[in-house]
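Labels run A, B, C and D following the written order; every chain starts at residue 1.
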Amino acid sequence: MRIALSTGGGDAPGLNTVIRAAVLSATNLGWEVLGIKRGYAGLLGEDEIIPLTRDTVRGIGHLGGTILRTTNRLNPFRYPRREPNGTIREEDRSDELLHKAREFGIDAVISIGGDGSLAIAQRLYEKGMKVVSVPKTIDNDISGTIQTFGFDTAVSTAIEAIDKLHTTAESHDRVLVMEVMGRHAGFIALHSGLAATADVILIPEIPFDIAKVCDKILARDQAGRHFSIVVVAEGAYPVGGTHSTIGQSLPGEAERVGGVADRLARDIQLRTEKECRSLVLGHLQRGGMPTGYDRLLATRFGGAAVRAIAAQRWGEMVALQSSDIVTIPIKEALGRPKRVRLDDDVVVTARATGISFGD
Amino acid sequence: MRIALSTGGGDAPGLNTVIRAAVLSATNLGWEVLGIKRGYAGLLGEDEIIPLTRDTVRGIGHLGGTILRTTNRLNPFRYPRREPNGTIREEDRSDELLHKAREFGIDAVISIGGDGSLAIAQRLYEKGMKVVSVPKTIDNDISGTIQTFGFDTAVSTAIEAIDKLHTTAESHDRVLVMEVMGRHAGFIALHSGLAATADVILIPEIPFDIAKVCDKILARDQAGRHFSIVVVAEGAYPVGGTHSTIGQSLPGEAERVGGVADRLARDIQLRTEKECRSLVLGHLQRGGMPTGYDRLLATRFGGAAVRAIAAQRWGEMVALQSSDIVTIPIKEALGRPKRVRLDDDVVVTARATGISFGD
Amino acid sequence: MRIALSTGGGDAPGLNTVIRAAVLSATNLGWEVLGIKRGYAGLLGEDEIIPLTRDTVRGIGHLGGTILRTTNRLNPFRYPRREPNGTIREEDRSDELLHKAREFGIDAVISIGGDGSLAIAQRLYEKGMKVVSVPKTIDNDISGTIQTFGFDTAVSTAIEAIDKLHTTAESHDRVLVMEVMGRHAGFIALHSGLAATADVILIPEIPFDIAKVCDKILARDQAGRHFSIVVVAEGAYPVGGTHSTIGQSLPGEAERVGGVADRLARDIQLRTEKECRSLVLGHLQRGGMPTGYDRLLATRFGGAAVRAIAAQRWGEMVALQSSDIVTIPIKEALGRPKRVRLDDDVVVTARATGISFGD
Amino acid sequence: MRIALSTGGGDAPGLNTVIRAAVLSATNLGWEVLGIKRGYAGLLGEDEIIPLTRDTVRGIGHLGGTILRTTNRLNPFRYPRREPNGTIREEDRSDELLHKAREFGIDAVISIGGDGSLAIAQRLYEKGMKVVSVPKTIDNDISGTIQTFGFDTAVSTAIEAIDKLHTTAESHDRVLVMEVMGRHAGFIALHSGLAATADVILIPEIPFDIAKVCDKILARDQAGRHFSIVVVAEGAYPVGGTHSTIGQSLPGEAERVGGVADRLARDIQLRTEKECRSLVLGHLQRGGMPTGYDRLLATRFGGAAVRAIAAQRWGEMVALQSSDIVTIPIKEALGRPKRVRLDDDVVVTARATGISFGD
């Protein structure tokens, strides 16, 4: 048996942990393991195929990143090619990919990645590749699994950051706006904001009214709490507007620049006359050593992926349900992206403790 | 509406977080909240009853410990009384407790605690007290809830400790034995050991054979890995023996002293002739700032407990099931303590990656 | 004896630690301690004067921020007053300040703050106030003391951030530019960059050549290291240019927006054609729990300040020299701000290990 | 130029950091670098000599431990040999060591280690070896340098542990005794105890009176502070007694077992009737990722060691003095071990804030 591993999409803490667990589980079964570098580029002649042995994965279980490197720009179905004139054209190289996989004697593939990688895995599976997926998303927006590795680390990083901003906000009577990841799903903002006792949480699932955000801040001010912490998901947007209309709310203003947090901070300062600062957490959420929770979850996913191969569960994805790791069809996970439900107890408790969602 | 909060049993990171969330949720409903100090001692005249307000709980969400203090020695049904001659006699003071609660105008009680506190809560409920419980256990051995707050922090502390020991073990060619909590359930040892890539994990659910433990260590030695990490739950014991027979395996030896880890380390050193050191993590697992995961879970539990009171779900306990907080009858949780299942995917993956359970 | 404490300038981890140590030291001598809120605003009628007792400072030793709050906008010699027409006028209220201090029976003041606060303290001392200073600067740019509290925490925060970015940069073949504090002195960038093994460090003391920065990045690329980490102090600027000329180097470009890191990242991407991302660490450096080092240093400073008052060392500042806490005249510290010396062994070692300063 | 590196003595966070900085500095000068495994065992035929290149040291800067492994049992002047009958005999193999070093073409050696290693380095230097030392001690007890790497990490680990114990002690009204390293010097206990606000600190430099320790605990109790934290260095001992007499103070007691902390906890419980628990921090202090401070200091030491070789400063040791790295004769450092001075401002401030040293 010879299997291959691939990591695709953005970085997430725990990728190396999955790789380690899968390689150890597979080699202990007597299987051979290959690593395809940079998504599938290693199979398409642009990067390497490397053997993954017990020695290769020694000591990587707690390291962030992926020894296979990753990419979110090399979809084999729409693979970019640079023309002589410099323009980029996309072409379908999936047949070549399957051919190469056979040439290398690869019996099955473990594809570790987010929704983009899951969609590619599903199409490769439909073309006959024996593939098992491991879901990966910082944003926790993949259906069918309670959680994915990387999310707990991202939330923890956000909580630490809010804790740090908290003391400064309080000492200086300031409003601090912190932007976290979450283009379509507000889980990072919601979980970190509630755990770190933010005052306002803005998420894509709940369009906000800037006036209500400011009401909350001013109400705190009058109650003697002269500071506020606003956590905003990058995809949050105002009621009746779009993402890009944040910061356009005051007429006569010059065009706004910067991200959501910058524009929001400026609006709040103009409206409340309180000193306001913003911070974009950005890539800090994607890197670094995974938390204990993510190290365990990623290890369980890696082990389960090898068992799924042994059980020939092609086209399936490992997933956490209740407290067990199961497998579900990739197709099922792809159907309906996960979003924060408004009746989620996390939202309900957040409101109950006095947090405003700007609605 | 006037409710009271009580914390009982051993310390666990997240107690203050539960208190904060419950107090904010309740005061936002216009309720009054009292805090009973040291379990129920505050109601039995030995300690205080204090008002819990928005100000009382300010800034405690990320602090370990409990502002209400806690105890595992003041069961109201078997309350200790020191006789004039110095001996301790136990008496049932539950009627007095209910009487006092009525005197203070307490409409309902949120009891935060482990299996001991749950059993007390159930009996008080049966005597007519309107009680809702929040489960608390470092060991994660309470049924009906996937997890309780404090467990993730304890596991994280254990992982950090193993990480630290790892570098020294490797640099010095040593065997390091680390003892973690878990008298009846091995979850802390299992989760931290797998996440931190221990070589041997010994838990109460799987009696071990010291010869097999040493085989694993010597096999590693021969493969050029001259060090090993053994994680042992305090309640682990050898096949056919009992907890106290660890370290008795070699005839002619003087009586052993110290805990499981000490005795195990000594046995391994005698049998393998490798330098062996032990460490007891002890109270480090119980204290300190809760992890992000536990801060969120404890907040959700606190909020849910107040909602359970509003819904008059007397005699019930908040619990995490799938990704939601629900309530279940306390009685249900008490019936069957949670243990590591041998077919748990965590155990299966641990074995698959090469970890020995000494069996 | 009745003394008063004041904290001024930006937030820094360790302020509360100084306050705690000073209050305990003073109250153990039988002195009374007052806290002046928000710089000197508490004495000028805009905020409070509060008693500081053993109870007030309980449990604050490891908390960031300052219970006295702080400000960098309320210089008593140039105190802002809002005119009826809305404009801000500055006026000298130092006489009023001294008068109020006498009214409150304040015998001596411990002023905790940065160069702004030190200059104010010196002028108040010259006007007759009995003042002792505790230096505070995130940037470590105050002369006469090897280090100040807050700097080690800021450097640690920066190192953790670089560690996180490192894994993503490496996994994605990216250049990551991280901006840290340091308007005039590059200590944070230098120390964090060397400790966390950055590839390029840009500081105000060494004007950089963007071409040389890119040379370093491309040389790494050719050696198979397809990523690079650039740490830039907010005050770094190009040779022959000024701070604001960063990002102006390519003709025909539209005007740049954003901070140093943004503009630098854009320049590097244009020149190297490598994917480039930027991150501004901002207020994360100022807040949060102080490191062990800073908790100790801040405690030592607080204790030494009280001893300096007992020894009537008016107009002096506590300082770390060799491994001892001494006092020096504030005036001495004010004369010459501390900068990174080009022959500093930290710079020499950084160059020796292959780090480029862009020169 | 061909140099060799060796690490000796106990583990300390930062060893790999020194190795990395030295290897990069040396290879950038065009030198060749060898690594002698396990102290000098690699040269004496019992272990390996390995080439150390840029690739070897990649990514090890923040890892604890030493890739060269270490030992405190293989002194070349008293090298152990196991006789056929099983006994261990020591022999002087220093001539062989020098001979082997010449055979390998080693021009100079960087010896990284504690006082044992420094003494060996001095003797090898006297026999003609070109050696430069890098001091290493968790305990910070080497003279001539303000600090050594590893100490800040050990202190930080101890502080984190005390923080964790603190919440449990307070919630449970307990006395917690924590034992830290420091056989002859109490720096770890002193620095961590003061920074983490312990109530009692016991160090080898100040023999303690158990009655006074208990007085402090009982005085706190009466002031409503029903818990206490005692930090004890492993080498602390009672007035007029020796290390081993701790816990012998009560007549009629059976013989005590366990370490200092265990015996102390038992004594305190007997005398104060307060519940008392102990914890031995042990190897947790030696391992793991170095703090930012230690990563910087170790890097500076590594770079300075290579410069010392270039400057032919044989028989010297790198050292931190004021804020600079200098070199001093090894002999100077060996003469007088560093101890806590009773007039050290850290001791004075500790007493001033109310901490008892049991004297």
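Keep this in mind: a residue touches a chain if its C-beta (ideal position, glycine included) is under 8 Å from a C-beta of that chain, and two chains touch if they have at least 3 such contacts.
What you see is a predicted model, and the numbers here were worked out from it, not measured in a lab.
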*What is the chain whose Cα centroid lies farthest from the Cα centroid of chain D?*
A
*Rounded to the nearest whole Å, what is the centre-to-centre distance of chain B and chain C, using the mean of the C-alpha atoms as each centre?*
42
*Using mean CA coordinates as chain centres, what's the chain A-chain C distance in Å?*
33
*Please list all residues of chain D that touch 2 or more other chains.*
160, 163
_Chain-to-chain touches, reported pairwise for every pair that qualifies_ = A-B, A-C, B-D, C-D
*State the interface residues of chain D toward chain C in the complex, per the touch definition above.*
20-21, 24-25, 28-29, 61-62, 146-147, 152, 155-156, 159-160, 163, 191-192, 194-197, 291-293, 295-296, 299-300, 302-304, 306-307, 321-325, 344-346, 348-349, 352-354
_Residues of chain B touching chain D in the complex_ = 7, 10-11, 13, 15, 63-66, 69-71, 157, 160-161, 163-168, 170-173, 176, 257-258, 277, 279-280, 282-284, 286-289
